[in-house]
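Input: structures, listed below.
Look for subunit A in each of the two complexes below; its partner is subunit B in the first and subunit C in the second.
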Partner chain A sequence: MLRRRWVDALVVVVVVLAFVLAPQAYSNETLLFQMMVYIALSQGVNILYGFTGYLPFGYVGFFGIGAYGASLLMLHLNWPPILALLGGGAIAVLLGLLLSPLLRLSGAYFAIASLAASQAVYLIVSNPALQNVTYGPYGIQLVSQFNPTLSYYVMVVILALTVAVVLYIRRSRFGTALQAMRDDPVSAAMAGVPVVRQRTFAWMISAAIAGLVGGAFAWQTSVFYPDAVFSLSISIFAIVFTLFGGAGTLLGPLFGSVVLYGMYNTIGISDPQYFQLIYGLLIILLVLFLPDGAASLLKRRGSHVL
Partner chain B sequence: MKQLRRYLFGLAGVAALLIAGCGSTTSTTTTSTAPKDITIGTLYAGSGSYATSSLPELAGLKFWMNQVNKDGGVFVKAYNKKIPVKLVDYNDQSDPNTAQTLYTQLITQNKVNILVSDFGSVLTSVAVPIAQEHKMVLFDPTGTGASFFTPTNPYIVLTGLPTSAVWPDNLAKYLLAQNYKNIAIVYAENDFDQSQDQTLTTQLKAGGVTPVYNQGVPTTTSNYDVIIHNIAATNPDAVLELGYPNNDIAFLQNLAASGQHFGFLFTIFPGQLFSLLEQNVGAKTLTDTYTYPTPPLLAYNSGVNYGMTISQFTQAFQSANGSAPNFLDIAGYNTGLAIQKTLETAKSLSQLDLRAAAGKIHMFTLDGDFTINSEGAQMGETLPVGQIQASGSGLKTVIIYPTSVATGSAVH
Partner chain C sequence: MLYALIAGVLFGLYYALIGLGLNLTFGVLRMVNLAHGDFVMIGGFAAVTAFSAWHLHPLWSLVLVAVLIFAVGIALYYVLVPRIAATKDPEMISLVLFFGLSQVIEALAVMRFGNNAQSIYEPVFGKAPVSILGQPFPAVWVVSGLVSLLALLLVYLYLYRTRIGYSTRAVMASREEAEVSGISVHKVSAIAFAIGLGLAAAAGALAPFMLGGITPDLGVGLTVTAFAVIVLGSLGNPIGTVAGGLIYGIALMLMQTYLPSWSALLPYLLLLLVLLVKPSGLFGRQVRSA
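For the complex of A and B:
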C-alpha cells in the first residue's frame, strides 16, 4: 500500500517536473501549454470513457463553458484570475449537473446527444442577443489579466491535480465500481453499486477538469472568439489521444497526448497532408489491431500499466 | 521493486518524449552586425474555412518578397544596405488554437525579425496578445477587429483595410441620401459582420431610419431560403447581407433560386473576391448589386507614390502566378510594401523603432492611402459604395458614392 502511494506521488512529481523544466529546454511555452491542455482533457475523457464507457463527443462544451465562465467572472465581477478559474470549473460542474439526464442514454445515442448539447451551449454563448452578458460573437478580451507565465504554472497545477484524481480513481473502490458499471451495469447495481450516483459523480469530475482547463486556456489565450473554445476538434483530439494511448489507464492518455500532439506539431503543420494520412492509418491500425490502445501492447505481455 | 523500476522507466520515457515531441531548440543570434537576411514569419490557412482568403494573401506577400529579392533585397536603413528577405510560413489550417502555437513558434524558435498575421480577425486575434507579450510588432493585413487596437498595445500595425466598424460609413450615408426607408439587414454572427451591422443601425437610426429587419445568423449558415422569404415579407427598399465569402455565395445562390428580387442588394465580398463570387453565383445574379469596391476593382493608377500601380501589379502578378490578382493578393503585397517602407526608415531593427517608423509612414500605394493612428489602426483607406453593372458581355464595377471618387451613377 505504501509503495503504491510512493509510485503515485512519483508519477505526479515526474509530470510536474517535466512541464516545469520543459520551458528551459524549449521556449515555445504556448505549445507546452497546449500539450498540457490536451493531456488534462484526455484524462477527463478517460475518466468518463475509460472508467464508465460513456464516449462524450460533446466534451468540448465543458471546456468552452469553463473558458467563458472564468472570463466572464473576471470581466463582469472583477474576480482575480485564479478564483475566476475555479469559478469556471464550478460553472462546468453546474452544466454537468444540468446535462446529467443525458446519462440515461448510452452508446452512440449518448455520444450524439452530448455533441448536440455542446453545440447548444456554443450557440447560446455566441448569441448576439446575449452580448451584454457573454459578448456574443465579439469574443473575449482579457488583455488586462494576460499573464502567460503564471497561467502556465497554474495549468501545471491543474494537470497535477488531474493526474492525482485519475490515480485515485484507479486505486479506489469508486474506480472499481465505475469499471464494474462499465462492464455490466445491471450486475453492478445488483452488487450494491449506486450506479446512477457514481456515474453522475464521474461525469461531474470530468466536467470539472474540462472547466478548469478551459478557464486556464482562456487566461493564457486572453483574446478568443466562441468558436475557438467550442471547436469540435478539441473533443476529437482529446478522444483520439485517449484511445491511442489506452483508455482506463493513466499512462495511456498521457502517452497518446504527448506522442500524437508532438507529431501534430512536428509534421502536422509543415505537411498536413502527410500528417492526416499517417493519422488516418494509425487510427485504422489501432482499431484493427489494438482496440484498447497502445497500453494493451504491454498488457498482452503481462505487464501492469498504471 | 522491479515494478517500481518499470514505472520509473515508463515515466522517464514519457518525460523524454515530451521534450523530444516539442522539437529542438535553436540558438539565439545577436544583431550587432547586419543579419544575413530579414526573416518574415507568417501563417496561412492551407485548408479550412479561411483558406480561400488566406492563400491569396500569402501569394501577394510572396510576390512582394520575390520582387524585392530580385532587386538584391530590402533596403534597411539601420545597416544602410540591402538585405535579402526570407519568409517562414506555417499552415494553421484555419484553426485559431494551432495558430496560437505557431505564432509563438515563429517568435521563440524561428526568431523572425518581422511578424505578419494570417487573414482576418479570428486568426489574427490570437496573435495580438502573443505579439504584445513578446514585444514584437504584428503587421496585420486584414484583421480588422476594433478591439485589437488599444492605447496600451504599441505592437500592432493594420496595413490594409480600416477597422470593420468603419467600413459601412459611406454605405449608411448613401442609403440615407437615397431616402430608403425600409431597410433589411441580415448579418453573420461574428465580430467582423456584427460590428458593421451595429455601425449601420446606429447611423441609420441617427438619420431617422430603423431597419425593418435586422437579423443575425450563425456564420456557418449555408441556406438562406427562409430568411430571404422573411425579408421579402417586409417589402424592403434595400437589403444588406453582411457575411464572409461563403455566406455571400449562399445568400446570392439562394436568392437566385428563390425568384425573389430586391431593388437594392448589397453584399461585401464581390468587391474583394470578384472572380470567386462570379464563378459561384453567376454574372446575372451579381448584375446591379452593390458592394464595397476594393483594388483591383478600385483602380489606383494615378497618385501612387510607393510600389507598383494597379495596372503594373496586375500584369506582373499575372505573369508570375498565372492568374489575375484579387483584393487579398493586393493586401498581401501591400503588407510587404508597409514592411519595406518601415525598414527603409527605422533607426534600428528593434521592434519599438519599427513601430515608430510604421507610425510615420504616409504613402499612397495600389491599395490607397496608408496612414495609421496611434493605436495602429488603418485610417487612410476608406471603402466607397460601388455597383456591379453589365458592360458588353461582362461586368464592371462602378463607384457611385461618395461623389468625390464616383466613376459613374447607379443603375436601378
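For the complex of A and C:
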C-alpha cells in the first residue's frame, strides 16, 4: 500500500518536473503548453470513457465554455486571471450539471447527444445576437492580462492535479465502482453502488478538468475566436490520444498525447489536409488493429500498466 | 406561413432522404456511420464536377454516383465491419472508426477540390417557378422533393416487398435470431450499408441546390442533422424517418422565417430535446436508454 503511494507521488513529480524543466531544453513553449493541454484533456476523456464507458464526443464544449467563462470574467468583471480560471472551471461544472441528464442515454446516443450539446453551446456563444456579452463571432482579446510564463506554470499545476485525480480514481473504491458500472450497471447497482450519483460525479470531475484547461488555454493564447476553442478536433484529439495509449490507464493517455501530439507537430505544420489524412488513416488502423491501445501490447505480455 | 409550411415539406422530404441511409445502416449494423455526411458531400462534388466538366444533368449524376458509391459501400463493409464487430465494444469503436473515415474523406476532398464552396449556378431545372397552392417555389425544390419521395418509396418497396428486404428487417429485429434461421447476416448487412451510402450520395447530388455551396467540411454537420432527423422519427424505422424529416424541415423553415439568426441551432436543440424527453423517438417501440 505504502509502496503504491510512493509510485503515485513519483509519477506526479516526474510529470511536473518534466514540464517545468522542458522549457530550458526546448524553446517552443507554446508547443509544450499545448501538449500539457492535450494530456490533461485526454485524462479527462479517460476518466469518463476509460472508467465509465461513456464516450464524450462533445467534450470540447467544456473546454470552450471554460475558456469563455474565464475570459469573460476577466473582461467584464475584471477578475484576476487565476480566480477567473477557477470561475471558468466552475462554469464548466455547471454546464456539466445542466447536461447530466444526457447520462441517461447509452452508447452511441450519448456520444452524439454530447456532440450536439457542444455544438449548441458553440452556436450560442458565437451568435452575433449576443455580441454584447460574448463578443459573438469576433473573438476574445485578453492582451492586458497576457502572461505566458505564469500561465504556463498554472497549467503545470492543473496537469499535476489532473494526474493526481486519475491516480486517485484508479486506486479508490470510487474507480472500482465506476468500472463495475461500465461493465454491468445492473449488477453494480445490485452490489450497492449508487450508479447515477457516482456516474454524475465522474462526469463533473471530467467537466471541471476541461473547464480549467480551457481557461488556462484562453489565458495563454489571449487572442482567439470561438471556433478555435469549440473546434471538434479538440475532442477528437483527446479521444484518439486516449485510445491510442489505452483507456482506463494513467500512462496510456499520457503516452498517447506525447507521441501523437509530437507527431502532429512534426508533420502538421505544412499542410493541414495532409495531416488530417494521415490522422484519419491512423485512427482507422488503430481501431482495426489495436482497439485497446498501446497499453494492451504490454498487458498481453503480462506486465501491469499503471 | 403557408409558404414556410410547403417549403418545409419539400425540404423535409429531402432531409428524410439524407437521414434514411443513416437509419438503415444503424438499424442493421447497430453502428452509427459518422462518415454519412461525408458521402453526401462526395455526391455533391460529383454532381458539380460532372456538370462543369461534361454538362451532365444532375439527375443523371445522381443515379451514377448512387450506383458507384453503392459498390464502394460493399467493399468498405467487408474491409471494415467484420473486424469491428469482433472487438469488445463495437458500438463505441465503430464511432471512432467512422470518424477516422470521415477525416480521410474530408482531407481528400480538400486536396482535390479546395476549401472554396462550389455549386451549380445555371438553372438546370428551368427558370420558371412552380406554383403550389398559389405560392411560387423554385422548380428545383419541387424536383428534389419528388426525387426524395421516389427514393423513399423505392426503399420501402425494397424492405417490404422483396425477399432480401424481408431478411433485412429480420436482421434489424434480431441479429442472432436472423443468423440461426439461416439468413446470411453479412450479405444482408453489406447490402443495407451500401444502400445507405448510396442514398447519402444521391442526396448529395441534389445538395448544390438544396444546401447551397458544397464544401469539404460539410460532413459532420450533415451527419448530426441526419441523426437528429432519424432520432426524431425513431431509429430503425424507415417510415418514422420520413416523419422526422418533415418535422425537421417544417421547423427549419419556420425558424428561418421568424428567428433567422438562431436557425443553425435547430438540429442540435431538436436532437437534445428528443433524446432527453423521448429517447425512443416519436414512433419508437423500445426505449434504448440505460
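Going forward, the second predicted complex is superposed on the first by the 291 of 306 C-alpha atoms of A that agree within 3 Å, B and C clash if a C-alpha of one lies under 4 Å from a C-alpha of the other, contacts with A are read in each partner's own complex, and residues count from 1 in each chain.
We take it that a residue touches a chain if its C-beta (ideal position, glycine included) is under 8 Å from a C-beta of that chain, and two chains touch if they have at least 3 such contacts.
None of these values were measured; they are calculated from a predicted model.
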Contacts of A:80 with subunit B and subunit C, given as first, second, both or neither: neither
Which superposed partner A:31 touches (first subunit B, second subunit C, both, neither): first
Touching partner for A:18 - first (subunit B), second (subunit C), both, neither: first
Which of subunit B and subunit C A:102 touches, first, second, both or neither: second
Which superposed partner A:3 touches (first subunit B, second subunit C, both, neither): first
Partner chain in contact with A:194 - subunit B first, subunit C second, else both or neither: neither
Touching partner for A:262 - first (subunit B), second (subunit C), both, neither: first
Touched partner set for A:291, first subunit B, second subunit C, both or neither: second
Shared subunit A surface residues [contacts with subunit B and with subunit C]: 123, 127-128, 272
Interfacial residue positions of subunit A with respect to subunit B in the complex: 3, 6-7, 10-11, 14-15, 17-19, 22, 25-32, 34-35, 123, 126-128, 136-139, 141, 143, 146, 148, 221-225, 227-228, 231, 233-234, 251, 254-255, 258-259, 261-263, 265-266, 269-270, 272, 303-304, 306
Subunit A contact footprint on subunit C (complex, rising order): 31-32, 80, 83-84, 87-89, 91-93, 95-97, 99-108, 110-111, 220-221, 224, 227-228, 231, 261-262, 264-265, 267-269, 271-272, 275-276, 279, 288-290
In the complex, subunit A residues that touch subunit C: 49, 53, 55, 57, 101-102, 104-109, 111-113, 115-117, 119-120, 123-124, 127-129, 185, 232, 236, 239-240, 243, 272-277, 279-284, 286-288, 291-292
Contact set on subunit B toward subunit A in their complex: 3-4, 6-8, 10-12, 14-15, 17-23, 25, 46-47, 90-93, 95-98, 100-105, 108-109, 121-122, 125-126, 128-130, 132-133, 145, 147-148, 150, 152-153, 189-191, 194-195, 216, 218-219
